[in-house]
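Okay, got some structures for you below.
Shared between the two complexes below is chain A, which pairs with chain B and chain C, respectively.
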Partner chain A sequence: MQNLGNFKLPHFFNYPPYFTLQPVRDTREKQIQLWKDLILDYCRTQKIFVIALEEEFPLFSNPVIERSLTHESRDAFLSALVSEGRAEWMDKGHRKCLILWHRIQDWADILLQFAKDNGLEDGVVTIEEIRTGIESQGTELHGIDRTILNRALKLLEQKGKLVVFKGTSADDEGVKFSL
Partner chain B sequence: MAQNCLPPVLLTGSGRPVLLPNEIECFFLSSVDLLCEDNEPNANLFPHLKSGLLTLTTHRLIWLSDSPSASAFSVPLATISHIFSHKKSLKSVFASPRVRFQVSLSPEGTVSASGSRSVVATVVIRGKGDCDAFLAKFWENWRGRAWEEAESVSGSGSGLGSNVAPAASSGGFYSSDGTVRMVGVSGILRKQQEMWESTDRSLHEAFQDLNALMSKAKEMVMLAEKMRTQLLSGSSSQANTTGDEQMGSKEEMQELLLSVGIISPVTKESAGALYHQQLSRQLADFVKVPLERAGGIINLIDIYCLFNRARGTELISPDDLLQACSLWEKFDVPVVLRKFDSGVMVIQTKSHSDEQVISKIKILATKPDALRSGISASDAAKTLGVAPAMAKEHLMSAESKGVLCRDISPDGFRFYINLFLEFDRDDKYSKKRFGVTEQVPSDLLDEVLAIGAQVRGSKGSYPGA
Partner chain C sequence: MRRRPGIGGLQTAAAARDQFRLLGENVAKIRTDLMKEQLATFRSQLEDFARKHKNDIRKNPAFRSQFHEMCAKVGVDPLASNKGFWAELLGIGDFYYELGVQIVDICLATRSLNGGLINLQELCYLLRQRRKSDRGVVSEDDCLRAISKLKALGNGFEVISVGKKKLVRSVPTELNKDHNEILELAQAQGFVTVDEVERRLSWTSGRAIDALDTLLDEGLAMIDDGHRDGKRRYWFPCVSPISSSLGVDS
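Moving on, here comes the complex of A and B:
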């Protein structure tokens, strides 16, 4: 079985009907389930947060068997993820999709764990530090999508676990935890 | 209980009377009583038949009961000794129209052409029906004596040459051999007139030919049958000398001749309001043979062609065919009209089962080649022995039952055995074995998906593959 980078593709990736949206309900449900799992697995291991429908995405075509998904089926599989709360459309035209292999709530929990692990219960950290700093290296937070991070921060802010404040420049925001 | 002097009539599976050789149906009347009225001396011998379908053929009057336990009796026209003309009276305006005729009876109490006794029977037409037209046709057929084969054959050609004579003798100036002396203007005028007359004559003759052809239709069918029997006897005697190819063409010829043969097609003219009903029954009888040959299911369009070819000149419209087929629901016939989801309509026998077809498709789709590259409609058509369009319908119905799934690609529209239910997210599909692929060894499946990739993988591969 071939690999995609360091990602091991499943056997059914070489099954041609996998790339045609099935019209029969039972078959289609199972097909959509397989696609949802594959997309989430792939995005998690490859740290992919956004899938643009009109751009090349490695999963959506298999040159080995010369099959690729139509726009309609890409939309169908991602919409299935959206309806499950594991993805969100970033625009009304369904051109870009935010993949949430962790839900926002889970990201918030990871963030809190990160703060505890680094002794930041009352400390201050910049958003850039969370995304690219030495502390986050090796954790899932490293390289996190800005949109997702902001959503998780907002959720925690509402719960009173932290405060987000503006820094000196526009892209320099800070976080003060109060656990 | 009155004694029944009328011979019973055999019925086909769809409830149509079995006709004699060369017998043609000419007129249908519904809601007809056939009985013996009043105080006839032999009235007790004649049955009292209430409310049925009366069919006038060239040979018989056939009365067919409306009730589900269909019984049918016939009066051979040969046994009719007199048809009474229709009396127009004030009373008859209000009563149901009646046609009366006299039937000869043998001493044993059955109808017979040379019976010594006789009984007057009455046809009471309770439904809507053209009584006068029926009477006229009744007379015509009775006088036609179609049952006396030899007479009818020589009789039908007699009308041909009779009209030539008056044309030749119409001009007093012409000599007996048709030449004329042409002098001056009158000669030119005469020449003109002669031309008109000849065109008139040839037109007349042309149309007469058409009529002659129609009246000869029966003879043509007889000729075809004769040729067929000759071919049959010929092929058995020459079997040793003729090659396979010749045999094949002979069989083809026989088939062609056989398909000539609906001797008495139901027409709008003869059946009127009962047209679709009768057509429907006739069609049900007709489709049996082609259905068997096609394996129990056949496209409506194919039947349309075959049926019209068998009818010869009395063609029916597609709409008539559809109506006739949709009437089958009401009758007890062994065939049904079926509409596929795609809108394609087929005729199939009631005993036809989809399971059989689907199990054949399953076997085809689980062959190693098919696992690797799927099956197309034409692959299935070859295996099932049906037309590709039909095969596609079968594949689609197998798909809708979850046996197959589709693959649409630039290579075309192909079907694969449905493995979706076997896969799971941990990619251990071969451990869970249920449903459609029971007969496929799991290691074969592994191999197929892996090999399939290698075979096609020559053009492109992933980094790190």
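Moving on, here comes the complex of A and C:
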């Protein structure tokens, strides 16, 4: 079986018809399900947050069997993720897609746990520290996409769990927790 | 002088009769004991045999198939009932019931991928993967036996021959002769094109498309428009397994 880096590709990835959107409903549903799982799995293990439809993406083509997904199929598989709340289109033209292997709500929970683990119940931390600091190393927050982080912060802000305050530049935006 | 019958004579005769009866009973008892003993020996020998070869019967598919042949010759079906002597001794019934359950499981799990038609080879391969603990001990012969036992549950399962391959059908789809010929043709490469079907089977275009469309609708075929020659290919998961990497079983 093929590997992409340390990622083990599923068997269907080597079966050519899975690269053509199937016309029969039942077959297509199964096909879409397999692709949805594959995309989420891959993005989770590789920490990929954004997929650009028109750019090269390792899952979109398989040189071994000389097949690649048409734009229509890419759109179909990602749209299926969007309809489940596991992805979001970042523009109206469906050119970029935000992949949520954790839903925003789950990211918010991870953020709260992070605050508790680091004694930040009443503390202040900058957004950059959350994304790249020592505290977040080894956690899922390390290297998190800025858009997703902002969405999770916003959600918590609405619930009164924290306040985001602006600094002089984007770099020193900060968060004050109040748990 | 003729002895007249007397009380003494009668008593002697009665005593002699008693003696004979006693002796007779003794002989009969000895015989039954002997028979019982022989039966016990036979049974224990048989048990010894079964115990001794139990592992062979369980682990060695060739031995098992010979065992079945032997049973068939003496008119014993070890699978007929789970309470029979053989079954009790060998647990052989359980083995096939277990296989049957696992086969049903696999057929259901792969149905959405192959439309309910699976290659016997692939089925065996998946079965072996499932039974990892004693991997490699299930033969195609065992699969066929287990499937034939599943018939008791209705007409759900059937083994059909397409060309050289055996396919196991777990859906009530009726395949007609045209479909079978296409499946047979597809065995070479795993797929066919409309052109190929028309040419090789000397069919009209309508007939080929019609049959292929039916196979698509039944979920037995998948289309592939990605080849660079631009011709649509019809793939058949039941003849070119997706789950086992190609060529594993051959």
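Keep in mind that, in the parts below, the second predicted complex is superposed on the first by the 177 of 179 C-alpha atoms of A that agree within 3 Å, B and C clash if a C-alpha of one lies under 4 Å from a C-alpha of the other, contacts with A are read in each partner's own complex, and residues count from 1 in each chain.
The rule we apply is simple: contacts are C-beta pairs under 8 Å (C-beta built on N, C-alpha and C of every residue); 3 or more make two chains touch, one makes a residue touch a chain.
None of the values given here were measured: they were computed from a predicted structure.
J.: Once both complexes are superposed via chain A, do chain B and chain C end up clashing or fitting?
T.: clash
J.: For A:Glu66, decide between first (touching chain B), second (touching chain C), both and neither.
T.: Touch partners of A:Glu66: chain B and chain C.
J.: Have a look at where A:Gly5 lands relative to chain B and chain C in the superposition and call it first, second, both or neither.
T.: In the superposition, A:Gly5 contacts chain B only.
J.: Let me test your reading of the model: by the given contact rule, A:Val164 touches which partner, first (chain B), second (chain C), both or neither?
T.: Neither chain B nor chain C is touched by A:Val164.
J.: For A:Asp37, decide between first (touching chain B), second (touching chain C), both and neither.
T.: first
J.: Applying the document's definition of touching, compare chain B and chain C: which contacts more of chain A?
T.: Higher number of touched chain A residues: B.
J.: Can you give me the overlap between the chain B contact set and the chain C contact set on chain A?
T.: In chain A, residues 1, 11-12, 14-17, 19-20, 22-24, 26-27, 30-31, 66-67 are touched by chain B and also by chain C.
J.: Note which residues of chain C are touching chain A in the complex, please.
T.: Interface residues on the chain C side: 112-113, 115, 191, 216-217, 219, 222-228, 233, 235, 237, 240, 242-246.
J.: Using the touch definition from the top, list the residues of chain B that touch chain A in their complex.
T.: 374, 399-400, 402, 405-411, 414, 416, 418-421, 423, 425, 427, 429, 446, 449-450, 452-453, 456-457, 459-465
J.: Would you mind writing out the residues of chain A in touch with chain B in their complex?
T.: 1-6, 10-12, 14-17, 19-20, 22-24, 26-27, 30-31, 33-34, 37-38, 41, 58, 63-67
J.: Residue numbers of chain A touching chain C in their complex, please.
T.: Its residues touching chain C are 1, 11-12, 14-20, 22-24, 26-27, 30-31, 66-68.
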